[in-house]
Amino acid sequence: MTEQILKTHNLSKAFGGVCAVKDFNMEINAGRIRGIIGPNGAGKTTIFNLLSRIYKEDEGTIEFAGQDVTSKSQIEVARMGLSRTFQNTRLFVGLNVLDNVKVALDHDGKYSLFSALFKLPFRNKQERMIKEKAMSCLELLNLDEFAKLSPSNLSYGYQRRVEIARALANDPKVLMLDEPAAGLNPEETSMLMDFIKDIQAKYPNLAILVIEHRMELIMNLCDHIYVQDSGLTIAEGTPAEIQSNPKVLAAYLGEEE
Amino acid sequence: MALQLTINGISIGAIYALIAVGFAVVFNIMRFSNFAHGGMISACAFISFFFQRAFDPPPPFFVTVLFSAVCGMGIALLIDTLGYRRIRLKNSPKIYYFLMSLTFAILIEQILTVFFGTDIYGFPSVFKSQTFEIGSMIFKTMNIVILAVSVVILVALVWMINKTKIGLAIRAVAINADTSRLMGINSSVIVTVIFIIAGVLAGVSGVFLGVQYGVFPSVGPSMMLKGFIASIIGGLGSLSGAIFAALALGLIEMFLTFFIGATEATVILFGIMLAFLFIRPQGIMGIIVEDKA
Amino acid sequence: MSAYQTGLIVQISITIMTVVAVFAMTGLAGMFSLGQAAYMAVGAYVTFVLSRFLDIPYPITGIISILISILLSWIIAVPTLKLRRDYFALITVGFSQMILALVLLFEDFTRGSIGFSKIPRMDNLLLVSLVGLALIIFWIRNLKYSRFGRMCIALKNDEIAARSFGIDVYHLKIKIYVLASAIASFAGILMALRNRVITPDSFGWAQSAEMQIFLFFGGTNSLTGAILSAGGLKLLPEFVRDVTLFGVSMQEYRTIIYAILIIIVINFRPQGILGEKEINFKWLKNLYRRFKQSILKKNESYD
Amino acid sequence: MKKLLLVLLVLIVVLPLAACQGEPAEVAEEVEEVAEEVGEEAEEVAEEVAEEVEEVVEEEVEDLEPIVIGSIQDLSGPASIPGQANAWGAEYAVQVINENGGINGRMLEIITLDCKNDLNEGINAYRKLVDEHEVTAIIGPPLSNPASGWVELSEEDQVPIVGHFMDEVCTTDPDTGEAYPYMFLAEPSCSSQSFAIAKFAMEELGLTKFATLYNTGNAFAVAHAKPFMEYVVDNGGEVVGEETFTWADTDYSAQALKIVQAAPEAVFLSDYVNQAALAYDFLRDAGYEGVILGANTLALPFPDLVKNEVYDLYYLQNYDMLNPEAGGYELFTTHMEDVGTDYPKSNAGFGWDAVQVLVAAMRKAEDPTNGPELRDLLEQTDGVELAERTITIDPATHRPSNMGMYIADYDENMQIRILTYIEP
């Protein structure tokens, strides 16, 4: 399990002259959880947007599953198995929980628009398969009881879980979580952290990348952490190393003042 | 001949510019195309007509323009209050703004049609057409007035946006509403300012259209599409782009109509627009406006 | 049934057809078009002009006209659907103007503004419209509950999130737009058969706007809502023909009333009258069950 | 004297009763009762009257049912200005006819529906009149757009339609030239109107070089401009410019410039009054100083709409409306008073005329509600008295063969001045 699934080299991006990310280098292996921490405006979400190809980088390379993906589109890397969540919950209104999970599988549904319109038997068979797969994903994460509910009827913590389940439905190679605990109360937060650990256990080959600005949350979740401040990586290492790093403390204390 | 066409093209381009900038200003901040702008223009044309007719002798032209601008402002704020405010507060999807503006466009045109559509109105004889000649060129006095007023208004607007404090705030909100809120800019004040500007523009263009083309319910909406095309070619939301594109549009249209024909011009203009989007989707001036990530 | 009533039913079927197509486009995929009436014009004109001048039976030219609509909508979609929605909406307005200009330009064939008349009588038009309507509703219903429908709803909500699930937003939008345009052109053919004459004025942007208004009134997420509001709002003015208010016939106010209704609906119930509800057998069964329960309860309380 | 009063009294009581469609026997009884009350001496008289009334009432009962005709007009929509005047004219005509005893004793009933200048609405209105109100005939709108949908329907339903759809395509098949059997036009058609003004310009003004400026989006405008150009070319004139615009255009300066360059002696404008006024201004602003000719839409309030001086403008008029000597004077002044408008509107005359044509045929018919019979009679319309002149319909085209047009201009006070009458 030493295969490097996702790797960046000197990744940089600036907006209107303001540098959002500068020379970002990281790598993550299958089955591991790594974290990116840093105060607000440190460029964490920009890194995610670069990795998922929403933004195009100014410089640097991204290597995913052994391929250079810098020239690929958002859709292509998503289909290669790079899955992510967003900072604000982005469940689709108008679809129930099960359908929200199905959406993640739909892009490689096998039936055509024609058989969809006429509701041909082939379509029904495929639909059943999609449903089974989505249900098994929900069952695995103990969310199956909510399948028929509208997401807006769920608590915020459960909405997050559904979102993560949706991101996992298509068996991705990398899961990127953007501030998964934002807006949750302490109880919900700790439940979510258990949930993520649980995922790691259930998907042994999955690499997970987590963004968080509250350090304490991911200290016991990740085995390796990158610390970003104003676009630069100021430190990296194990949680223990990070906790004792004076630069990190300065950045964080500086923020708290 | 080409010179005369150029002069005519610039005159109509100036009117397109007023309309296009009216859209662009709203689009800049609110990120939706305000279809109601055409209806506002029609309403202002009617208001200024009745205002002009209510007095004997009629008030000077600039008074009518000012009055119409104030009314345009009022209508714009009313539409904002009745139509857009709740959508904004609820943070509903953009498509509702779009539909709301469309509904207001239809509503205003229908109200004018039902209550005033059974009569025909022309601006009183104060505006008897006058032309003067320089060499072989014929200039229409009214065109010159419109051109001058448009230039003054547009320059003032661009100056305001680029040089004043409130302009800075507008630009900040246009770039990023969330961040500027953090910076302490009250975005609801900005929205009000935007609608005031749009209303003034609608009021002024209403008088001009009424004087130039007559007072009827569809006078605004019929010009609306041209304003839209200009704002697309200029790059949605870009003020200077819209002005530039509007003038270009006026000229192109004038030459096409002259050399090919009016009906053909409609088809060719659409082709140009489509090709333009294909080749240079960001418009003349600029940046592709993308949905925020 | 009198010819007046069948005529009305055909007209309403046509309206519902177009609104159902707009439901697929706007309600599902979030594309706001103001040019659907132009595709009706393409369907009507191409079918009957070709049929007359090439002497081909109109069912065949009808198919040709739908194919041409598909081609046209594809040409429009390819450059514009890459861009934001606003561009698309504006382009469709321009497109409908262009189609009407073309009708005037080719007046030797279309007879321009005077109108293309002498369209053959179709005896079973009522049957054809109703079967066509049923088929189209069946299609769009299936679409909504297929993977395409789900992907559409996803991209309407949030294009970037949709892309992050590997959904090819651009091509999906093109597909749906082409489908909606094909349906619109079919409706245009039926409208020509009903009116027996085609004039360019029948296909202005006001007609396209009316379709959107009907859709939003019923609810963008509800197919049955769209169907009911299209049928109801289209029929309403026929019933108020003789009612007057302030000495003006209510018919004159109808558009004003629609507009005010829409403003109220968007302000206070943006999801439309039916919201996300679909009226189907299950819904009716639930309603019936609740109704029965409440009666039982009442009876109990009497005991 | 007393006896006479008594008879009068009895009649006053009886007639309304009779009008209330009571059974003849009942009415007679009631009359007797009333008479009893009045007094013994009147009994004799009352009996006599009762007998007479019984006879009259019996006769009337057969035919009491009024003849229902429909009227489809642009009460709203872009053409509501002419449409409402048209509707008024038709309704007023029916009122006058009923006051004068109806059609051979039978009353007329007119049901007016709105078609909004919209094809779909026009067909709905038509279907409603034919299927629900079972009308015998229909008075049509002043514009052709809604009417073009009825050409085949009227034949299928055998309902004659008399109206003012001036485009030839509403009365004759453009491909074969044959008349649509149930469509009848009661005013000079677009082309005969255009011929009239072209004839005037060529013969009276002696002009030969013409240009046209018209709205290709408006059927009315196209149907005027094309025949105008035809006439000019056929009669040795020259068309040096044909410029067009559409509804979407508001600026015609390029077209005006082109016309000025072509240097015609006269320009023919054809469109509704708003656009015509605009076109006039653009032409004058571009430096055009020649003659301008126009369709009948250039009537009042045209001079109020234009911003240039009105000069060398000649246009078509259907009636000599404000001339107290002319036949239609009373009609047009009544209309102006009734609706409270400042301008006389020819459309009031159109509505009136259409009803006259229809009623003349009904009077001759054995069964005035029989569509095919009416149709045959309408085809033979000959010398029927209208608001101002008489009409004879050509059976081959279903359009009037004897109606000409006035040519008018504006005097220095911007009042209409009728110049001449051009025979067809």
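Per-chain numbering from 1; labels A, B, C and D assigned in written order.
Note that in this section a contact is a pair of C-beta atoms (placed from the backbone, for glycine too) under 8 Å apart; a residue touches a chain by one contact, two chains touch by 3 or more.
Keep in mind that this is a model prediction, so the values were computed, not measured.
Asker: Chains touching subunit B and subunit D alike, please list them.
Answerer: Expected: C.
Asker: Report the chain whose CA-based centre is farthest from the CA-based centre of subunit A.
Answerer: D
Asker: Based on Cα centres, what is the most central chain?
Answerer: Taking the mean of C-alpha atoms per chain, the most central one is C.
Asker: Could you give the separation in Å between the centres of subunit C and subunit D, each centre being the mean of its C-alpha atoms?
Answerer: Centres of subunit C and subunit D (C-alpha means) sit 38 Å apart.
Asker: Please compute the C-alpha centroid of subunit B, do the same for subunit C, then give the distance between them in whole Å.
Answerer: 30
Asker: In angstrom, rounded to a whole number, how far apart do the mean CA points of subunit A and subunit C lie?
Answerer: Whole-Å distance between the two chain centres: 40.
Asker: Could you put a whole-Å number on the gap between the CA centroids of subunit A and subunit B?
Answerer: 45
Asker: Provide the list of subunit D residues touching at least two other chains, using ranges where the numbers run on.
Answerer: Counting only residues that touch two or more other chains, subunit D contributes 76, 216, 246, 248.
Asker: What are the residue numbers in subunit C that touch two or more other chains?
Answerer: Within subunit C, residues 97, 101, 104, 160, 252 contact more than one other chain.
Asker: Hey, what residues on subunit A touch two or more of the other chains?
Answerer: In subunit A, the residues touching two or more other chains are 54.
Asker: For a test of understanding, state which residues of subunit C touch subunit A in their complex under the given definition.
Answerer: Within the complex, subunit C contacts subunit A at residues 138-139, 142-143, 146-151, 153-154, 156-158, 160-169, 175, 179, 221, 276.
Asker: Spell out the part of subunit B that touches subunit C in their complex, as residue ranges.
Answerer: 27, 32-33, 82-83, 86-87, 90, 92-96, 98-100, 102-104, 106-107, 110-111, 114, 225, 228-229, 232, 236, 263-264, 266-267, 269-271, 273-274, 277-278, 281, 288-291, 293
Asker: Quick one: which bits of subunit C touch subunit D in the complex? Just the residue numbers, please.
Answerer: 2-5, 7-8, 11, 97, 100-101, 104, 107, 111-115, 117-118, 121, 191, 194-197, 199-202, 238, 241, 249, 251-252
Asker: Sort out for me which residues of subunit D touch subunit B in the complex.
Answerer: 76-78, 80-81, 84, 216, 243-255, 257-258, 261, 273-274, 277-278, 281, 284-287, 301, 304-309
Asker: If we count contacts the way the header does, which residues on subunit D are in touch with subunit C in the complex?
Answerer: 75-76, 113-114, 116-120, 123-124, 127-128, 130-132, 144-145, 148-149, 151-153, 156-157, 167, 169, 173-175, 215-219, 221-223, 246, 248
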